[in-house]
Each structure stands twice: as C-alpha cells, then as structure tokens.
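Labels A, B, C and D are assigned to the chains in the order they are written; within every chain, residues are numbered from 1.
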Amino acid sequence: MTTGSVPKRFSIPIGPQHPALKEPGHFDFSVDGEVVTGATVRLGYAHRGIEKAAENQNWVQNLYLLERICGICSHIHATAYCLGVEKLADVEAPPRAQAIRVLIAELERVHSHLLWLGVTAHEAGFDTLFMYSWRDRETVMDILESLTGNRVNYSANMLGGVKFDVTDDNRKAIERGVNFLETRTRHYLNVVTTDQVFVQRTRGVGVITREQAEQLGVIGPTARASGVLRDVRVEAPYAAYRDIPVQPVIETAGDLEARFVVRLKELFESYRLIRVILEQMPPGDLNVRMPRRPKAGEAISRVEAPRGELFYFIKSNGADNPERVKVRTPTLCNMASVLVTAVGQQLADVPMILAGIDPCFSCNDRAVTISKAGDATSAVWSWQQLRQYSQAYYRRRL
Amino acid sequence: MKIGSMLVDILRSLVHPPATQIYPSERRPAPDRLRGKLHWNPAQCVGCGLCSKDCPADAIEIITVDKQNKRFVMRYHADRCTYCAQCVKSCRFNCLQMSPEDWELAATNKQAFTVYYGDEHDLQRLVERNTQPDAEPAKTG
Amino acid sequence: MTTEDRLRQAQEALSPWAQEADAPEPVRLDIVLDRSHLPSAVAALMNIRWGYLVAITGLDLGAEAKQYEVLYHFGSGAALLTLRVRIAHADSVVPSITGIIPAASVAERELSEMFGIRVIGLLDQSRLFLPDDWPDGVYPLRKDAVLEK
Amino acid sequence: MQLKLADLWTNALDQVKTWARVNSPWVIHFNSGSCNGCDIEILATLTPRYDVERLGIKLQGSPRHADVLICTGPVTRQARERLRRIYEQMPEPKFVIAVGSCSISGGAFHRCYNVIGHIDEVIPVDVYVPGCPPRPEAIIDGVVKLLEKLRGAKTQSANAEQEGEWRDDNRG
C-alpha cells in the first residue's frame, strides 16, 4: 500500500471457507467506502462432475447420484429425473405414487423454507429467529424421517414409483405437525413484517424490479417476490399437481422483505396442499415395472424446486447408461441477480442479499462474474467528517 | 411497527420444558423405517448380483464361494454406502434389510467399516482360500 | 393464451429461419436453425416477448456424426421451445446471444468450458467452475475426453 | 528432585490441557464438495434440538481458533488446496472428523472426474462418521468418540505420532 494517498477502492475477498454460509464459494467485492461497486464470485469448489459421471453408470444408480446434487432439495432432483426417465420409457407412475411424490416435495419445501428463514435471519444477526425457526423445523424433519427413513436424501423415489406407503400413523403425525407449524409460521410472518429492527434490514434492500427480474431471467420465489409469476407447479403442472391446483403467491415490492413474505406465504400453500393430498390420497399400487433400458429418445422435465424451476434434459440411446443428462439448477439463474443488485448496496447488506435468493452452491457448482464500475466520487475525508457523514447516513436510513 | 416481537417466545421458553434432547446420555428410539446399516441374510440368496449392480456407490460385493451349491459371502462397505435402500428394493428374494438400530457407526479407523456377511462355514472357506498362495482370487459379481 | 397459441406464435416468429420443425410432445416445439441465424431468431423471440431462456444444453453426437448440437431451451408457461443448432467437431463455433439476453453468459461459458465450443462475442471467457489447475484443452463433456483423476 | 518437580508440573499441565480440550472443543466446518446434506445436519446439531454447546462444543469461524475440523464431502480438485490450507492454519494439536460416506470413500460421487478422493487422502482423519448424511445424533456420537480418544491419550504426542504414521502410510 502506498502512503500519502488513500486508495480509491478496496477489494474484499470472502471465502471459500467463511463463517456465514456453510458452503464453499469465493466472493470478491470491490467497495468504495461501504458501498459495493462490483462483485465477482468464483464457484466450482463443489463442482464434482456429476453430469459426466451420470453417463458412466446405469439408470438406477443415477437416481441416487442425481439426488445427491443437493442435500436440501434432494427429493425434487430425484423426482425430476424419475419423471424424465419414465417419459422416455413410456411408463407412468401410479396415481398414489404421484401423490406421495408431491407430498414429500411439499414437506421438503417446508423444511427448505424454514431452513432458509433461519439462515437468513442469522445473516441479519437475528439469531433468536434462527434458533426458534430451526427448533420448529425439527418437526418437519421428524415427519420426513419417520415417513422416508432418512432426514435428508430421502430416497423416496424409484424409477416407476415410490418406495413406501403413507400409513395412518404417518398421516396423523403429518397432520399434527402441520397444524403446529401453521401457527408458528403465522407468528414468523408477523415477526418478519412488523419487527422494527428486522424490517430495517430488509425493507427496500436489494430491490429487483419487475423489469430487472424478467431481463435477468430470475426464477422461483425470488421472481415471485418481484411480481413475476414463474412457478412450474402453476404453469405446467406435473405429477399430482395436475389434480391439485396450486395458488401462486406473488409480491410486488421485489426487496428482501418481499422475499421473506413470499416464502412464508408459500408455506401456508404447502400446508394446504399437504392436507389436500392426505385427504385425497388415491388408492392403488406404489410402483410399476420399469424396463432396465428406456427407449432411445430425449425427454425434458421441469419441476418446481424450493428455489425455483429445476430443468432436466435426458437423452437415451437405448443402452444401459444415459447418453446425456443435463441439469440446470435454479441458483444458476438467480446468481446473476445477486451480483447485479449488490452493486450500490451497503457491504453489510450483501450477506443478506446473497442469502435472499437462497443460493445453493452444491446445486450450482458453476460460476458467474459480473462486474460493474461504481460511479461514487472518491474524496479524502477527515475522521471527523467521516463520523458526521456516517451518523447522518444512518439517521437518514432509519 | 414494534420492537422485540419474539420476546413472547423467549418468555414462554422459560416455563416450557427444554426442546433439547440430551443425546449421548439418553437414546431416543429411531423410527422403524430408519435406514441404518445393511444386513444380509444368505439363506435365500441366488447370487444374481442385482444389488451390487444397482448400488450407486459400489458398497456391495457378492463373493462366490461355491457356485454349484450357491454359497455366497457378502462384503459390505458401510463407509461407501449411501443408505438409499435401492438394493433392498432390487433384491427379489428379500435377503437384504436396513437396520433401524445400527446407525451409530462412527469409528476411529476405516477397517471397522468393511463387514463380511454369510454363513460361518462359508466365511471360513473364504479365509482359507485367500490365505492359500496359489488360490485363484475371490471372484466378485 | 393457451400453450398451443404460444407455440404457434413462436413458430410464426421463427419461420424465416426454421429449417425443420418438430413437436416431440404436445407442449414442446423443436426448431432446427443454422448457426448464422441464431442471433436474429433469438432477437425475434425477444421482440415478441416470448418467454425466457431456460437453459443451454450441449450434446456431443459422437465420433460417427462428428458433430455437436447446441440446444437453446426457451420456456413460456407450459410451452417449451428448443432451438437446435448443429455444428461440426472441426468447426465448433457458435455466435453468442448475450447481446440479446445478457443472462445467457453463464450458460454460454459453461458450454464453452465443458465442450470446448467457441462462443463468438462472449466477453468473459475466464474459467467458470473447472478448477484453476485444470489442464487446457480437456473438455469433460466431450465423448472422447480422457479424464484422469 | 528439581527434575522430578518439572515432570510433575508438565504432567499436571498436560492433564489440565486435556481436561480443557475435552470439555470445550472448538470446531470449524469445511465443505470440500459435499451435497449440503451433511452441512445442514451439522448446523442442526447446533440448534436447540441437539444443542452441542451443552457439551462445550462451539462452532468457530476461523481455523486459527479451532481444535477440531469437521469435513464434509469428497474432495474436489478445486477444494483440495483450500482444505489443506485450513488444516495447516489450525494450531496444534488438531483433530479431524470426516462426516458422511462421501468424505470417507467418495460415496455416490466416486465416479466423478473432479473428485480427487476422500478427506484422509489429503489430511489425517481421527474419526469417521458414515451415513448419507448421518443423523445429528450420529454426528454427536462421532464427536463423543473423538473426545473419548482424547481423554485416553496424551494428546500432543499421540497426535504427532499419528501424523507421522499417516505420512508413512501415504509414502507407501
């Protein structure tokens, strides 16, 4: 560093091991004072090469490999793959299996959104909310564990159906758990929209306008918080969603608060769906026989993961192994929005903005670099001036 | 707008019983469907090898001891296993089961994770065959 | 607007460039294009505000065909439009569509990294998610890639 | 006599050190390419239901403050150097717990080209916790097994010896 002149811009590297996020990713923020002027991210720490590995093992093995793309939304990955392969093989899973798939997908959405609520609250320094939401999340984890046999990576799907049935005991446990979670979610919705301390960290922060959202191709709850309806469950229903219509949740503000509200309101929709599925569970078999080699062809399957649209392209050449499996995860579409919206924001808000899209690096294992030069004027200030400025600034913010 | 909207939770927690489970001193029974360590029953096995073929992690090896009399030994790697239970579904003779009891598998060395299942007599024969220097290597499949 | 209407609208907008059209599923439409027409076709789609770019898929058609195929998936509601562009192994170059859809840069960088397909007009060609010490000239998703652990 | 006193003193100090270490291990967590499943389960052990802080375990943000490194996931090519660097930054004595099947053997990812191996090919591991992912209880069980090991051994020297062994293994 040279003395005599103050460098105009600092670059702040964060990661790959960092205290806030539990996943590896390297960020580089250039800042002008406290304002972010550019952001780059280097991912790939969790890049394992799954798409290639999928070409070298058989169709059944791939189900479990692809399920492990992401531990948080594992079931939805497996569902997308199963739906695609079943399409190729011209087989349809029985209605009861479809209903169980959707039931678990919605339970998974509940677990994922509650997890996100806690982690993002932790980013905001609101550890009380983090601890309480994770305590309540254990309710849905218990349900999933007793239903599927594992807390994460449920392995509920198999090609041609599901592995297990929903018993009366399960049904009762789910109903009890959902009732409890519904009252808790109402409480949390109240907290994130009325608690003054928290709202100051979220309202008007990291705004993605409707135009930006459309232009950047944002998807999932992040898009829905900006007033863009992108929900595969609504637009192109699959599995049991064809019989049980989903009411989309839309907010228009596009800021962090709206993202909280959208995800929490989606939880109520999930609770409703879970109740409806349990009520209207069709009778019948759990799975149908699948050929070991699906016919040659191409299939596309799109499903709605907790983070947004998940896209699978599967190509078969009639052999034991797939010819190509392409996975496009929701975080890939949303990551660009973070780096764009982070520019011009306070550095202290960046972790919140990043967490706001519910990023998942394991899903993503790709990287994005978007740099935008800030136009903030640089000047050398005395300590006194800086203090006055900061006080005035925060008074303005309040 | 208000401040401290979670204060009620905190106050309520003062009188509620704790949510914490004191795990190592008190062991809560796991759910029946829990997928723990794999167990193999050799009685029904015909050695089709579908379990090891469908295993996403190569955790199962079926070793043929005597092909004519259908004697097999299974080598199971608990450290490779993804606990997905595909093998249980693939087996048409219900030889495999995932135990809801065996899930505390932590160990300080890796040898503990390689487990041999099978008839005692077959295991003995396998050991003999492997100790003989000119014996053909154990066939897997 | 129904899904059929959307697909019809897309087909009409793309008709000047479409070499072949196919509907593998009722909600899907595949259109084969020449790579030189790709930017104008994508611009035509965006002009009528038809959906958004869902993904870009690369395919290696193998040693016999000696071709790559690049698939640009667009989604609008339930309708799914795929623009297919075929290029030879020896001449693996496609034009970039980032001028029209800036968010496509990620997908295009992935394509060039995994298949070694050169994307003309893509500004940032730096390494995306392969490791820093990855050998140059090895493209993992090519069928003939030699991958050492 | 003087020598004996010094011995006593070192012995007592060792005991105090072991006591402190066993009663309050500070941990750091690194994901070297895992699917996230183990990570959220590790996080779950910190939250009210399992609350490992009652065992004196505290999650640290910096490797400089940590005694135990909890690793998840197979080691990807890009994460290998970072994992090694974090391990090197930790003060002696240090211990490693590998959580999840893929961190022990590659698990479902053993066919992936960018996975160069498992944790114990990069750094020495003290306790292995298989599972995909292991339940939070099983992770606590792993930590407890590590603590038992610490209580039994004179940690500093034992660790040094073990590391020597590990290096030998690797050479061969």
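By definition in this document, a residue touches a chain if its C-beta (ideal position, glycine included) is under 8 Å from a C-beta of that chain, and two chains touch if they have at least 3 such contacts.
The structure displayed is predicted, hence computed values, not measured ones.
**Q** Would you say C-D or A-C is joined by more C-beta pairs in contact?
**A** Between C-D and A-C, contacts are more numerous in A-C.
**Q** Quick one: report the Å distance separating subunit A from subunit C, using the average Cα coordinate of each chain.
**A** The separation of the two C-alpha centroids amounts to 25 Å.
**Q** With chain centres taken as the means of their Cα atoms, state the distance from subunit B to subunit C in Å.
**A** Their C-alpha centroids are separated by 43 Å.
**Q** Rounded to the nearest whole Å, what is the centre-to-centre distance of subunit A and subunit D, using the mean of the C-alpha atoms as each centre?
**A** That gives a centre separation of 29 Å.
**Q** At least two other chains touched by the same residue of subunit C: list those residues.
**A** If we look for residues of subunit C contacting two or more partner chains, we find 130-131, 140, 147.
**Q** Name the residues of subunit B that each touch 2 or more other chains.
**A** Within subunit B, residues 19, 56-57, 82-84 contact more than one other chain.
**Q** What are the residues of subunit D that contact at least two other chains?
**A** Where subunit D meets two or more other chains at a single residue, that happens at 48-49, 76, 78, 107-108, 113-115, 132, 135.
**Q** Would you mind giving me the full set of chain pairs in touch?
**A** Pairs of chains that touch one another: A-B, A-C, A-D, B-D, C-D.
**Q** Which residues, counting only subunit A, touch subunit B once they are in their complex?
**A** Those in contact with subunit B are residues 57-58, 60-65, 67-68, 128-129, 132, 135, 138, 145-150, 153, 155, 158, 163-164, 187, 190-191, 194-197, 199.
**Q** Under the stated contact criterion, what part of subunit D meets subunit C in this complex?
**A** Interface residues on subunit D, with respect to subunit C: 76-78, 113-117.
**Q** Going by the contact rule set out above, which residues of subunit A touch subunit D in the complex?
**A** These residues of subunit A touch subunit D: 16-19, 22-24, 44-50, 52-53, 56-57, 64-65, 68-72, 74, 115, 118, 130-132, 134-135, 137-138, 141, 145, 150-153, 360, 362-363.
**Q** Can you name the residues of subunit C that touch subunit D in the complex?
**A** By the definition above, subunit C touches subunit D via 130-134, 140, 147, 149.
**Q** Under the definition above, what is the set of subunit A residues touching subunit C in their complex?
**A** Its residues touching subunit C are 43-44, 47, 49, 51-52, 214-217, 230, 235-236, 297-298, 300, 302, 309, 311, 313, 315, 324, 326, 328, 332-333, 335-336, 365-369.
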